[in-house]
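Both of the next two complexes hold chain A, though its partner changes from chain B to chain C.
Moving on to the complex of A and B:
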């Protein structure tokens, strides 16, 4: 959200269009991700996970309030939107911004798949996520991996913020979209690159089918109902890896 | 024992003297304090900020001409962030500080949370930001409501669709927020359906803050709805217009509650919102009727503040203005009872054209102002009053 607001301000003052703002958002997100990691996350390494989670929840509240303080609470028009062109793909009709979101999703997914499978940093990141202590013993610089993880996460979130603000509008309540991403990730599997994307599609379709055929607010709860069911049946998600422990 | 009787006697005399000279809260020799609880932050801060400016204009205008009974009128404004629980806390704070009247009452749910306090403590309350039915039906001695019900706005746009757009035989639907605000919208829509004998095929509730209306609009498409009454405010209306455009629903007409003074709806919806209908009881800023109000506002507000002026500014100006007019009529007996008597005397209050002159009576504390239908003219960035 913060990245989208910064992009909006840059767009207003420089006249940059949507595609011009994409690298700007990535760069700004990258810097913000590094800053957050260095100032807030690094000192928390080794602390209980719940402490880190609570700190990030607090950070989210702080960022939301900061946005209201600087840009105001009213929604803003995102002038650098790709336009209101409607694309027809058979019976499916999409705005150009929605098609771009799907295209970028596929590109990012492919990029992450290659990164995790074929690069040293990607493999090191998987190792650190699997067991931080063993990764340290194997000579992996876990602090650098943490920083890299934050940079990648912040850049992806920045792009998501830019896309959401072009599809809907720019407003402080867009932070709620982050919460809606959780069910998608849990459904897909926390360690599956394409799992979150597939989970997102499944939940999106179920939400709309639920609202369309049943209605009465089912759309709002269906994602969390799925989390409950998945956690009971397949806690590692549809595409996640089962965690087998030797005893 | 004798001493105790003397002490009790002195205390009783003191209490009686206090009663005899007690003024209503919020009044001193120098000033009269009024209170406001407004959503200055949160999703509808545009309304809260605009409302604050209207009160500012009314008070500045009054104080420039001598105030009330030689006293300056000041406002204490509390932000509730559009959260009902915070509205209640803010009302408690205002009443503890002591205010003569309350002229800002935030949203419908917020007003419902505060109203028992206002009734219990007999606080003169003028509701101008959200003319919710609960505030005037049944009549509360100390509460007055300016405007018309949200439901009347939807009733007016549906009536216009039937009488002027030839939609009598069309299929109708409503999308409404699942709270008190939405309930008012739904009541107005259902009344129109009953009065005009319409074919009502869809009633879809949504949660406050919802962004995506694709499923709802697919239902509109599948049901072949010809006119949808939208109970949204900003993002919801924008999403509904955009989905209609995406689905190619060219024959669908949409009517909303008052949004004509929210340029952001026009900007965000773009061409997708062109031609939608809305209804309002406040004048449009470009109306000749509203020229006196605009002139006064320009006198007391900065250029930046003028950019935030909208219908809520005119609504709060109307509320504060009638309060001041009534207080001035009670200069010799400046009590809430006297001011209430003035308000419900039946006389018509004029508010510089912000809305049509209106009045109240002992049995009707609701101005029930006439509603006019407007149409969005996106290309010229304005709303045009439709022929009546």
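Moving on to the complex of A and C:
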């Protein structure tokens, strides 16, 4: 969200278009990600996961307030959006920005799949997630791997912020999107790269159908209702792997 | 090659796991570290490879020197780069990764071109795992997992290999095959091995020199042949009476069964 606001400011002041802003957003997110990793995450290594999660939730609240303080609570118009062109694919009509979002999603997903399967850093990252101590014994600098993971996540999130603000509007309420991404990840499986994307589609469709057929207000909670069910039946998500176990 | 001097390791600032331990590992061949459960063998290996801190352990006192470098102040990845590889107890493979990916992780610090060549060397050493290179390593049998664990450590191109109970939970024939492979590496490639083992017979047969640890202290050391003839080692580690024949524990008064090396 912070990234999107910064992108908005840069866009307003420099007159860059949407595509010009993409690399800018990635660069800004990288730097912010590194800063946050260094100042806040690094001292937390070795603490229980839940403390780190709580810390990031706190950070999200802080950033939200910071944004209201600096840019105000009123939604802003994003001048650099790709425009209101409507693409027609048969019966389906999409805004250009939505099509770009889908395209970028596929590209990023493919990128991550290749990264995790074939590059040495990607394999090392999976190894570090699997067993941190042994990763250290293999000569992997686990701190650097964490930093890399954090930076990748931050730049993906920054890009998502830019896309959301061009499709919807730029306002402090954007932070709710992060919360809505969470059920998508659980549904798809925490460790499945394409899983979260598929989970996102399913949740998105169900949110809108639920609101249309059942009633207003269901949109925000239906995702969580679904993960409740999923966690009961398939705790590892739709596409996640079961625990590896010898039989 | 490796010198440990008066090492003291403490967990949680309270529990002393290793006390005043000193040992020397010479270049080439195998050195064995024997001792009962909780004697501090594994802790000693962790201290050498620098991975005590995830378990709230720390080195209180003493020196660990490897070819002139002081290891006590180095990070684990720097220690690996110096040429020390540690195969942890219980294999600890990355079970969600395939066999080949496990080995590639071991090659993390190597040059890109070396990785492919070393992979072939490992597969030549352990042909059994070559057929399973694309299998998730968590599904392998215990012996095969141990081969992958040793192969993964060898990928870092070590000069000192530390093995923590390589025969744990493995069929005797498999254990022998693994020992044979490690002995071949010592002989042909000049690898030095520091071995921690519960199976004293296996360890003393394979090693040149051995240390016995009890309650965190080195209580006995010497060449493996000397230790094999030592009366106490025979009785407590090899299960033989002083005369070399099997002895029934029923004949020993219960308070005499547990021997203290030092009073």
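Throughout what follows, the second predicted complex is superposed on the first by the 242 of 247 C-alpha atoms of A that agree within 3 Å, B and C clash if a C-alpha of one lies under 4 Å from a C-alpha of the other, contacts with A are read in each partner's own complex, and residues count from 1 in each chain.
Note that in this section a residue touches a chain if its C-beta (ideal position, glycine included) is under 8 Å from a C-beta of that chain, and two chains touch if they have at least 3 such contacts.
Just so you know, these numbers come straight off a predicted model, no measurement behind them.
Taking chain A as the reference chain, the count of touched residues is higher for B when chain B and chain C are set side by side. Once the two complexes are laid over each other on the shared chain, residue contacts for A:233 go to neither chain B nor chain C. Once the two complexes are overlaid on the shared chain, A:132 sits against chain C while remaining clear of chain B. By the touch criterion defined above, A:89 reaches neither chain B nor chain C. Residue contacts after overlaying the shared chain place A:50 against neither chain B nor chain C. In the superposition on chain A, contact of A:120 is made with chain C only, not with chain B. When the two structures are aligned on the shared chain, A:39 is found in touch with neither chain B nor chain C. Of the two partner chains placed by superposition, only chain B is touched by A:207; chain C is not.
Taken in their complex, chain B has these residues touching chain A: 41-43, 45-46, 178, 204-207, 209-212, 214-216, 218-219, 222, 234-235, 238-239, 242, 245-248, 264, 267-268, 270-272.
Interface residues of chain A, counted against chain B in their complex, comprise 68, 72-77, 84, 86, 93-95, 168-169, 171-174, 176-177, 207-212, 215-217, 219-220. Put simply, chain C touches chain A in their complex at residues 49-51, 53-54, 75-77, 80-81, 85-86, 88, 92, 94-97, 101-102, 104-109, 112, 136, 138-141, 152-153, 155-156. Those residues of chain A that touch chain C in the shared complex are 46, 120, 123-124, 126-127, 130-141, 191, 241, 244-246.
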